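Chain naming follows the written order as A, B and C, and within any one chain the residues start at number 1.
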Amino acid sequence: MDNIELEPKSESAEVKRIRTKKINPADLLFVLINSLILSFAVAITLYPILNTLALSFNDGLDALRGGIYLIPRKFSLKNYETIFNTNHLRIAAVNSVLRTAIAATMHLAVTALLSYVLSVKEFVFKKPVSLFFVLTMYVNAGLIPTFLLFRELRLTNTFWVYVIPGIVAAFNLLVLRTYMNSLPDSYRESAQIDGANHITIFIKIIAPICKPVFATIALFIAVYHWSSWFDNMIYNPRNGNLTTLQYELMKLMSSVTSQTSSNSAYGKSTQSVAITPTSIRAAATMVTSMPIVVLYPFLQRYFITGLTIGGVKE
Amino acid sequence: MLIERVAGFSDNGHPLLMKGSVAAVTDEKENNSFSAEADSADDIAAKNKADAIKRRELAYTYRSNLAPGNATDEDPGEPLSRAEKRRRKAERSAEPKVKLNKKTLWRQKELIIITIPFILYGFLFYYIPLGGWVMAFQKYKPQNGLFGSEWVGLSVFERILNDKSFQLVFRNTLAMGIINLVLSFAFAIGFALLLNEVRLRRPKKFVQTVSYLPHFLSWIIVVGIIRDMLSMDHGIVNEILVNLGIFDGPVNFFSKPSWFWWIVGFSNVWKETGWNSIIYLAAITAINPEMYEAASLDGAGRFGKMWHVTLPGIRPTIFILLLINLGNVLNVGFEVQYLLTNGIVKSVSETIDIWVLYWGIGQGDFSIGTAAGIFKSVIAIILIFLANGAAKAAGEERLF
Amino acid sequence: MKKKLTRLIAVLLAVTLLSGLAAGCENLGKAKVKKFDMFIAMPGTELNEGNRAQAEITKITGVEVKETWLTGQSAEEAIGVMVAAKDYPDFIEASDGYQIMVDAGALIPIDKYWDKYPNIKNYLSEEQWNMCRKADGHIYAIPQFGIVNEKDVSPIHNDEAWWIQTRVLKWAGYPQVETLDEYFQLIEDYAAANPKHTDGTNVIPYTILCDDWRYFCLENPPLFLQGSPNDGSVIVDPDTQKVIDYNTTPIAKQYFMKLNEEFKKGMIDPEFFSQSYDEYITKISTGRVLGFVDQFWNWGYTAQDAIKAAGLNDCTYVPLGIVAEAGIEERYHNEPVLDVSGGLSITTSCKDIDGAMKFISDLLTQEVLTLRFWGIKDVDYKVGDDGLFYRTEEMRANAIDANYKADNLCPYAYFPQYEGMNLDGKNAWRPDNQPSEFFEDLLPEVKECLEAYGAETYVEMLNPSVPNSPWFPMWSFSNDLTPETPGGLAWAKMSEIKHEWLPRVVMAEDFEAEWSAYLDKYYGEADIDAFLAEMQAEVDRRIAVAAGN
């Protein structure tokens, strides 16, 4: 019922009047069914998260026995302690934040500029340039040639190897271009008629309207960089100052098996000190996803504002 | 004209735009040569016409999206909508007619200059390493390097394509790729549409935040949970189905080869629906609110608006993602299949990537991995060219 | 907002640069310590900075080694990238990438440098070193494992056995259980009398792990049932020295028929073929499973501990050496295996080969060996009046705490070491092999069970080991087979077919029909003879090498 009264402010008064006057029973049914479906979706997606959370706070050996659902059975902070005892933790966290922040801003800015160029309908090289980047999505040179290139470019064993490759990701490019294409051409064209150059149009007119899609792409880039570790391992494996959080966690997780295997396996004294792959994985998942979960609400408002742009009133 | 629009916008809270436009106006004075570019009289006339069309389009788009049966009251709508459709299709598929000559190049010099660094970058980082593809034509040994390894021509490809087990994994990969594609599109779009209909801010934010969280769980965690739920031994799915009398006794879901692809498909849906829907939610923000108003005036209900305004509104995004993912149809990965498989369903669960892991990486054979990669690239490129052509013919958004 | 972001980035950048500088200065301060780096192509635990035992070892040797481990890659891949870039760490344990390194000329010949270091030269016998030589006659890697000083004193059986819960044996009055039939009869009887586990769920009489490469739990018991030692891929007849394929012997058929029979009786976990390794460990950890076949290292260090942590003291397992028929001598326990297929190497990137050799040599002195495996005196262990090492309860708990280990213990585990006894002849090389430590910790339920069979340790539940044959173990050869040879291709195919068909055989309605379908497939699609021929050639080669040819 509430739903009906709480219209987005942007809808015109007239529409509001019409809507509040007659509450369509079909709409009511729709809202009801919709709520049901979404509640179900929430329930089944929330469960694995809560389960992982519970596991992360549970004693590792105890968790091996299974049967933990939403509440830890034998509470323990050991998993988190182990994670926070990781080598170079501080520098790793700084590097991770740094690469995520730099990549998200730089890659977004650069990709957005190119996608603007490709959204200009009369641009003569639109098609070949698009194809040039589209193909990059489907071809992959493999590990060794890429490594050799980066070494030749003196990127290995530097921080820049995290942010220089992959500046223009074709996927992001296409999503941005599609969004820009779906904006009325009149925005750009009128500015052009008024003599603005493309950089100005991009920065002053197109970019502000594209906030929702920028937020989306920034999120994609940030998540990708936040969770990357393979480049760290391949290009900077032995430099502690260039390590990242995810790489440290990966190392920790892949080592857990060998840690448990050197425990005393026959003694009485194995009292809740062992961590297991499952428990450490759960805690690492929480540590990894939390920053992004915290970041999300800030980006989220751009998706929810919807329905406020595109209002070309003439 | 610009100023008008600025006024319109500032109401909607875009102060930046206002400043920007003023700057744009100043730019005009300083940059005469550029404003000279501002087109012949013909162009302006065409533009005005286009604007007029656009405006008309807004009013009609909604109606044209209605199924004939639904378009009730003001019914010139039906025949007109068909005409509208044809016109829009023509408009979309029409290439802007620009001739490639000196004059055009000069007029578009700014765009070209911006593009050049991108091309250089792309060439350096994406195309030069492709030299490594020669490995597929060699018996590559790291110790001999790319130039010192023995050349074997197409024999690696022959070996792959004639291998019975490769044909099997190709079939599996393709099947799972298609199932995943269809399911993940249907669910992500459906979810975005439904979520968009939630009008209460807090629940909406909550649902959205929850929905994308599983993206951060690794496959190994997700598979563990799926196995728990499908387990014969007190798995919740078996318990429900047995209690409802659908099954006589607990069923081992992983013993049925014909179910395996679907289990993988729905595992994907579970993990990625929320994440995939983010893009659609962003796209929905670009829909012109006037369309909803028009729909309301026509008496459309909530469902009607969702179906006839929101869904068509995100159509370009849907198409572009569809095209992109069509090329990725063979990239179904290996993790989830590897973690869910067992001896009995192995013949349906192995993917190209698992095959490469086993025969290539696991044995240190880089040539076979590269050759399989090239094979996948070629298929992907053929697919996207076909799909792009189809999209062009249909007047939909396309890749290039 | 953008400004703020820019500023944030600037600050972060500054922090990184500064911390980089700070680290640089630190290095200058400790200029005397030689630093080496090492890559181990296996997963493992990195030491934390400032590790206490590592610092002690550095005090003695003047060297600090930074170890990095394999993460999320195959060994070949990691080594392949290194070789392509010609950029190596100083020390390397290349594991499966060893041959690639040798072929690339990336390793230095140890035997050229060892004259000054008797600790290294005398680490193995002449014959053993000969087994390590490559085609050019040089030695590029020092084996680290299976070099036993005096005698092997491990109280636990780390390898394959038929495991059974002590409560089952106790319930039956500790009977002698020798044959396949007796084993399953006992489990059936117990399950019939005690269908419920302590938590109210049904007991699982018997389960079989079939997950990926761990499906050896299903496929290799015929080898042991025949009384052969764990050669892995084949049986080698000790008299004729001919290889035999164990997959289709009459004993194999008897074994699978038995499993089929038990499956039909409901004694075998219906999910056995589809369970993942994690699920299997979970099942065993609950204490519901009465028995199974497995290698101890595959389940014991997690599940056995979990059972104990839950206080289910009568649900832990002891090993049984089951054979097909009474009268066959079982060979489940064998002496530690000297693995000559690789080891610790020094690469051509190492700038100070003598320094590296000296470090390896220093690591083999008793002082450093004790630091590596026992820790620091009075912190990690104590010395009794009789010279025997022992640990307090707290020290024992520390030694299995992952954080404590990363901060305080430094085994340098992939450097050469002696197993068995310390060079003092008094203590075991590692706490968990020390008899006093073992008995201190033994559960009373297990002690009672062991005593009932006249055993003191787990190992004594099985026949004592006999000296290994010169070809033993053949798995160290079959593990390295690649599909490039016909035999290697057949080996891969065999495993594929067995993995799919053996579970079907166990679950078959009509065992005979399924078994012959399996045999058709097995002989039809895999070139078994090619595989056996390559195995035979290797047996002959090993016999010849051992004989000094």
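Criterion: a contact is a pair of C-beta atoms (placed from the backbone, for glycine too) under 8 Å apart; a residue touches a chain by one contact, two chains touch by 3 or more.
From a predicted model like this one, the values you see are computed outputs, not experimental measurements.
Of the two chain pairs considered here, A-B and A-C, the higher C-beta contact count falls to A-B. Using the mean of the Cα atoms as each chain's centre, the chain most removed from chain C is B. The most central chain, judged by the distance from its Cα centroid to the centroid of all protein Cα atoms shown, is A.
Chain B and chain C have CA centres that are 46 Å apart. Separating the centre of chain A from that of chain B, both taken as means of CA atoms, is a distance of 16 Å. Our note on geometry: chain A versus chain C, Cα centroid distance of 39 Å, whole angstroms.
Shared interface positions of chain A, i.e. residues touching 2 or more other chains, are given as 144, 148, 278. For chain B, the set of residues that touch two or more other chains comprises 142, 224, 366. For chain C, the set of residues touching two or more other chains reads 77, 80-81, 84, 278. For chain A in complex with chain B, the residues that touch the partner chain are 2-3, 6-8, 10-12, 14-15, 18-19, 24, 26-27, 30-31, 34-35, 37-38, 41-42, 44-49, 51-52, 110, 113-114, 117, 120-125, 127-142, 144-146, 148-149, 153, 165-168, 171, 174-175, 178-179, 181-187, 189-201, 203-205, 208-209, 212-213, 215-216, 219, 223, 227, 278, 281-282, 285, 288-289, 292-293, 296-297, 300, 302-314. Within the complex formed with chain C, the chain B residues making contact are 141-143, 145, 223-224, 227, 231-233, 252, 254-255, 339, 342-347, 359, 361-366.
Across the interface of their complex, chain B is touched by residues 74, 76-77, 79-81, 83-84, 96-97, 100, 103-106, 210-211, 215, 270-271, 273-276, 278-279, 482-483, 496, 499-504 of chain C. Contact residues on chain A toward chain C in their complex (touch as defined above): 59, 61-62, 64-67, 81-82, 85-88, 91, 94-95, 97-98, 101-102, 105, 143-144, 147-148, 151, 159, 229-230, 233-234, 237-238, 240-241, 247, 250-251, 254-276, 278.
Residues 1-2, 4-5, 8-9, 12-14, 16-17, 19-21, 23-25, 27-29, 31, 34-35, 37-39, 44, 47, 50-51, 54-55, 96, 98, 100, 104-105, 108, 110-112, 114-115, 118-119, 121-122, 124-133, 135, 142, 146, 191, 194-201, 204-218, 220-222, 224-225, 270, 273-274, 278-279, 281-290, 292-293, 296-297, 301-303, 316-317, 320-321, 324, 327-328, 366, 369-370, 373, 376-377, 380-381, 384, 397, 399-400 of chain B touch chain A in their complex.
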